[in-house]
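By written order: A, B, C and D. Residues from 1 in each chain.
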Amino acid sequence: MLNLIASKERAMSYATQMLDTYPRTFNLDAGLLAATIDALTDCAQACTADADDDLSEQNVAELVKCIRLCLDCADICATTAGVISRQTEYDANVTRPLLDACAAACKSCGDECERHAMMHGHCRVCAEACRRCELACRELMDAMK
Amino acid sequence: MLNLIASKERAMSYATQMLDTYPRTFNLDAGLLAATIDALTDCAQACTADADDDLSEQNVAELVKCIRLCLDCADICATTAGVISRQTEYDANVTRPLLDACAAACKSCGDECERHAMMHGHCRVCAEACRRCELACRELMDAMK
Amino acid sequence: MLNLIASKERAMSYATQMLDTYPRTFNLDAGLLAATIDALTDCAQACTADADDDLSEQNVAELVKCIRLCLDCADICATTAGVISRQTEYDANVTRPLLDACAAACKSCGDECERHAMMHGHCRVCAEACRRCELACRELMDAMK
Amino acid sequence: MLNLIASKERAMSYATQMLDTYPRTFNLDAGLLAATIDALTDCAQACTADADDDLSEQNVAELVKCIRLCLDCADICATTAGVISRQTEYDANVTRPLLDACAAACKSCGDECERHAMMHGHCRVCAEACRRCELACRELMDAMK
């Protein structure tokens, strides 16, 4: 029987495993694509949790902007992960502006989280996830040119 | 007791009612904003249903591109509806590129649905929802300038 | 050219139009199904907006539970709307417990919103959307028996 | 500068890091909670990709049920991950039936994916993700008693 708790580390991500078993060829580098999907799902998770962590803080009134941007960023990252996970009938006209919007959301959210990083450890972790994700979106956009 | 089935018509949308009770003022015209939110949720619903309708068709293999674009468009419209519904600490740097990405998704999906509109009534309805939503996104972007 | 703002009323919902053009027959009453989908998307919209409205209130610290339950309810309603919109290869083993979970989320969220309904108009509207949606989920579950 | 591609392995998951920095105490075991969140986001990713992989297969018409259940399972897992990630004002009345619905979705989807596992590697990987996620949901429900 699987012991989910015992294994602290996550092995190869499912993004990677699913791309490895994709039935057709694709133009983009699979490693880059999988890394971007992982960065997006990581960022969505961090932002969802950070919005909630903020709600548990004493100074919640000062964290309203952070909560709002985290909610936006979580939704946009999750949607972008879905879109770039779909390789069938890939449409650059949809993917490119969406990656652009996602990088912008990560930038805004990362900037705001960073402002609270000294006071709240969860904002520091979330800021890091946003920076990584913004970078990943930009690298994928570069590779699409 | 409410009778949900009896009333065929939907009264004033919840997007409108919620904007009417928003505690602060906002810069954008509330009517335009509510109309855009409604167009986005309508389009998300139409695309979700159309992807599924396509899966029930005999010629599903010819509808693969339509399914894929409907899944993208549904996710992007739902996310965009969420982001523009949030008025607290509004951030144009996030909203603008997202509306741009959403209009692009509606364009691609509407074009593909239109190709199947003669053969499949559900693709005709979905194409119409996509066109309305693309227009709504562009009108809101114009109003944001 | 469409004038989105001019027409205040929403005509027949897209849920209805898409069910009307579905290529196969389905066991459930289409009117009931469309009404439930509409109640779910309405509730998702109301909850998304109410969480944000709460964030704009002076007494945000007292609305933390309301925000949290609205975020849950919005996500669960949107997911449930998607699942029941899919008619292809319908699986009651998935739909039934999901409708049950959705009715529970609407109950919890509606109860909490009602506590703030006197003070905040947006919580009153959201409570109403939650009550309608809970009822719709229960009616559909009854019809599935 | 970060090199996203170089590091093949994902370090500690963001679910874990965010729970480690949560400002309050929570009743559930943090390791179990983080493992469940990871299983849910992994399963959502696998199901999103598998639905798309199916669309790229020659025998797509035989995979319609698999696609449909993958779409349901992806949505339900993503929503459940969000709900259990929120620790503020935790409500067992919402969480319990949702975990139950999620386990049911993973069961249905895992069964169907397994039917195609010999023919399609992506269905085999997705079936595994569904089994792990179903187990994780049930373990968390047990811990909640």
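One rule holds for everything that comes next: a residue touches a chain if its C-beta (ideal position, glycine included) is under 8 Å from a C-beta of that chain, and two chains touch if they have at least 3 such contacts.
The shown structure was predicted, so the numbers you read here are calculated from the model rather than taken from an experiment.
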item	value
Same vs different contact residues, chain B with chain D, by half of numbers used	same
Computed distance of Cα centres, chain D from chain C, in Å	23
Approximate Å spacing (C-alpha centroids) for the pair chain A, chain C	27
Per-residue overlap in chain C, given as positions that touch at least 2 other chains	52, 55-56, 64, 68, 71, 78, 82, 86, 88-89
Arrangement of touching chains [line / ring / star / complete / other]	complete
Contact footprint of chain B on chain C as seen in their complex	1-2, 4-5, 8-10, 12-15, 17-24, 29, 31-32, 35-39, 41-46, 48-50, 52-53, 55-57, 74, 78, 81-82, 85-89, 120-122, 124-126, 129, 131-132, 135-136, 139
Chain B to chain A touching residues, read off their complex	64-65, 68-69, 71-72, 75-76, 78-79, 82-83, 86, 88-89, 91, 93-94, 97-98, 100-101, 104-105, 107-108
Residue ranges of chain D in contact with chain B within the complex	51-52, 55-56, 60-61, 64, 67-68, 71
